[in-house]
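Have a look at the structure below before the remarks.
In this document, chain identifiers A, B, C, D and E correspond to the written order of the chains, with residue numbering beginning at 1 in each.
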């Protein structure tokens, strides 16, 4: 396993106003080739953690360091949980996907192969015939697939997905996870999901976020560990699963 | 089983522009005490069907009749798939929930018991401490729960839920389905979901929508029927499931 | 309310009126001008002190028909029911747009308001103002009448200067952006051509006509009032290759301004 | 203090204070609605669109204010229609009606023979020159608004928040939206006659921005806006008297100073 | 036809046509951006805010247009800042800056002794009285805009569409937004000097509404808007000549007629 760190979070506290802290004293490192499933209850702070990692929310305390000195240099792909974009905006589906390729270059123009790549990805997602549609005219699941294309098109070093299976149908969900496993060969993945069933079968490690972060260096979790670390958990509803706790936890 | 029809859809075609029909010649009746799971691939037209039933989208052809003469009289609860509301809007969580009680009365004021009911519901959803928060400050799953409260608070005759399990954690999802089964004692439910695993265990009948509508008068479906009716299905990924096809299908 | 305001306090609309009234009444009179700013309705904003002045006075002397008065005087009157509004434009032969008959009703045609810019009509304004003042302050008749003689003489002097000097230019035309000198043109036999025809936005045809006409008449300059952006006239000045000359029809110092204008007219006609 | 009380003896000043109170209430209610819906410029749009009505009334020799009111209502309906049926973005619809109304006005002014008065001045008033008629009209409007928002508070709130959902509750939201917009149009036309466009634009937005510092609740926003609005008008009027400066401008400065001070205070307070 | 060609012989008319073309290009580019972002009223806001600059310049005896440009840029920055940092709704921020700028202007005009010019006339031009200097300035601006949108097309598009995501792509979107808003501010101040606020408001929105009938693509919207805008200006200018009516108003009518005809045609066509 490649232990080159990509992102290192040290003693970070975060929240939307200084008087209401959502994440307390988080320590967390993402290494190359990681595939971390992030779970936790609604309102636990999962999306907040991702926003901190992405630099969208300034931490109230602590330090985040990236592989390269500045964040701008790390190539990150991101799929937000809730997309607040204006549905009326005049933009085509393919252009949304292409935006993933901008890579910090303000003068970016897209070459033929790049456009082809976007089309290929859209085809993979069953959306080739919608490539020139305005984004407003897609169904929920179709839109989610478009955002997924946008997140992965640039082969990022780190792929951050906030509930990527939202809205998508089961057929596609299966493909999605298959795809993520392949992608993980080339990149680290942070995956927030409530789909515990899947998590155990695709991710390598699990972290649970509920104000604090509990990192399990394994994809196997049990009721016991959940209780020990006060992970307020869904898995419990699935009954007993064998698990292993690491010493350095 | 109570076979009083609540809504009757006859030869309805629908779409967002006359040259692109999404739903073709749909015939469909919702009876009292129905619990219908609606499944189908992304972009199949599930949300469109719900919008037609709700009167939000005028059908291009065909007829919809409600139990009472006009739609205004049927008490329907609705949870939209994607909520396009403006997150900045100055409204409290509890007021969002209370809106479900308006019931066509423009002069509506809320009594104490009504407010208490909203608070009780929010507590059930684990949101009591957020009741006076502005809606903008909730996490995805919390917001989804609020919309769910809004949909069910009025004990509607018909409850229409478009992917209610979106964003919600597994703990809550389990409770949710339990709750729906209880609610079904008193009301008909139309449930759109991609969560096939659950569908078979909670719904009574299944309909699959993919341009056309295939109605299975049972909650048991198999690969075979799916193929016969060209239901382009997720279930296939779940392997063989016993099923029964009705004659009058 | 039955408050007693300051009897020796007169309100007028524009600055030339202020000078005129001040010259007629004794020094202890207070004269307030309402329009001291650009007359954009969106920005017209009197200060409380100005409004207090209106509230405080007994007499408002209108210049006659400017837009400001049409929009605001009623409000002033309602604020101060004691306020007596007098019109200093009585007896002037107004210039109107042609009346137009529209089926069942007749359009009187708006009155061209710039009566103070011609010495001849101004003489009438001064006389009217004198009459108004005498009527309102009978106890001061003597002072007012004697001040009036001086004022009238200086105006007659300007008038004769105009008549004399402009005599050679009868029938000649001058070009201006906003039609501020309509009465002056009529009274001294000149032709005023304004880009803002009747104070309205010009049309393509109108500009074309002006240009053709200006070429024909060999016009040498275009006047622009200081309160308008000169740029508005620039295109015409370029087209005809003529100068832009700034004029100040709202200056307080009437005599100087009118003499100045006469010089300008002489050089361009 | 003595001087302020004596100021109130002037009917122009007491009228201004009363008009300020009424405008604050109207701006508090209508302003909170349009700010929440992010259509602040409907005020400018409707005022300017009603210029067309003034032009037409002038051309036909009718009462200009009547023309303005009719055009205001028509343009409010036009804006709603374009947004709901013709799929034009709401801010674009406002801008289009704004320029269309002005264009109609310009044409009628052009077609009317004679020297044209500056018609816009019929629309734009000043808080210091409010007439008793204005105050009575405003009072009627204030009563209408208070009654409307009291009776239909929930319906208005929910339609503004989530029109589609409210439709599923059995309301004809389209018609309600049309009615709301007519009332908003009338409020705007009346208040502009009293306050002028510049002051109105700020009374419709700055108090709401101040309220937003404290609350994210529609009802509280209305009350806090009214309070700050009136406080601003009062302070501004007195200030403008002392500095002998135009009161509209001073009221605006006062409100902006309130906003800045509160914003900074809250920020410092929260960080502690 | 003969007559139209002879009209072009007049430099005021040919200037108007050239200014129309340049304004169409500016309105096509800047207008599509502000329409897509639903901040059409930034044009009115910035123009009126710059009134403060004119007032100050007038008070200090400086070039009024310089004052206007400085205030325009400052207010554009102020709007961005209020939206991004002070959590004020964007339309409210525009309205606040609008009234603040006007208030500053009014105060300075008031403080300057003597009869003040109608300062707004420095801001609001008419397409028939465009000067060569105006055209040169416009040309420079057009070149700047075309270069900007060509070089940074993708960045501008994506920031307008989804600022938060674009931030994660490694751009300092805050600074880019500030720069865009400065350029938009300059475009607006310049074009309003040429076209006047009313015409500008419609050139910034109606062509985009027309384009929206055909396309939902940002780039195509720019091109279609420019084309219809220029077509509208040309038809309007010629029409206003034949009917002998004010050209600004006729251009607006022409554009609205285009929009209505196309909307109805498309609707009929689609239903078949």
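Note that a contact is a pair of C-beta atoms (placed from the backbone, for glycine too) under 8 Å apart; a residue touches a chain by one contact, two chains touch by 3 or more.
Chain labels with UniProt names: A, B = ATP-binding cassette domain-containing protein; D, E = Metal ABC transporter permease.
The model shown is predicted, which means the values in this text are computed figures rather than measured ones.
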Checklist entry - Can you list every chain in contact with both subunit B and subunit C? => result D, E
Checklist entry - Under the touch criterion given at the top, what is the topological distance in steps from subunit A to subunit E? => result 1
Next on the checklist: Report the inter-centroid distance (CA atoms only) between subunit C and subunit E in whole Å.
Outcome noted: 36
Checklist outcome for this item: subunit A and subunit C have mean C-alpha positions lying a whole-number Å distance apart equal to 74
Checklist entry - At what distance in angstrom does the C-alpha mean of subunit D lie from that of subunit A? => result 46
Checklist entry - How big is the gap, in whole Å, between where the Cα atoms of subunit A centre and where those of subunit B centre? => result 28
Checklist outcome for this item: Where subunit D touches two or more other chains simultaneously, the residues are 38, 89, 106, 110, 198, 212, 245-246, 248-249
Checklist outcome for this item: Expected list for subunit A, residues touching two or more other chains, is 84, 88
Checklist outcome for this item: Residues of subunit C that touch at least two other chains are 39, 42-43, 45, 47, 200-201, 203
Checklist entry - Every pair of chains that touch: which are they? => result A-B, A-D, A-E, B-D, B-E, C-D, C-E, D-E
Checklist outcome for this item: subunit A residues touching subunit E in their complex are 54-56, 71-73, 75-76, 78, 80, 83-86, 88-92, 95-96, 98-100, 102-104, 106-110, 132, 134, 136, 150
Checklist entry - Which part of subunit E faces subunit B closely enough to touch in the complex? => result 89, 270-271
Checklist entry - How about subunit D: which of its residues touch subunit E in the complex? => result 35, 38-41, 44, 48, 86-92, 94-96, 98-100, 102-104, 106-107, 110, 198-199, 201-202, 204-206, 208-209, 212, 245-246, 248-250, 252-253, 256, 263
Checklist entry - Can you list the residues on subunit A that touch subunit D in the complex? => result 17-19, 88
Next on the checklist: Could you list, by residue number, the parts of subunit D that touch subunit C in their complex?
Outcome noted: 9-13, 15, 60-61, 106, 109-110, 112-118, 120-126, 128-133, 196-198, 237, 240-241, 244-249
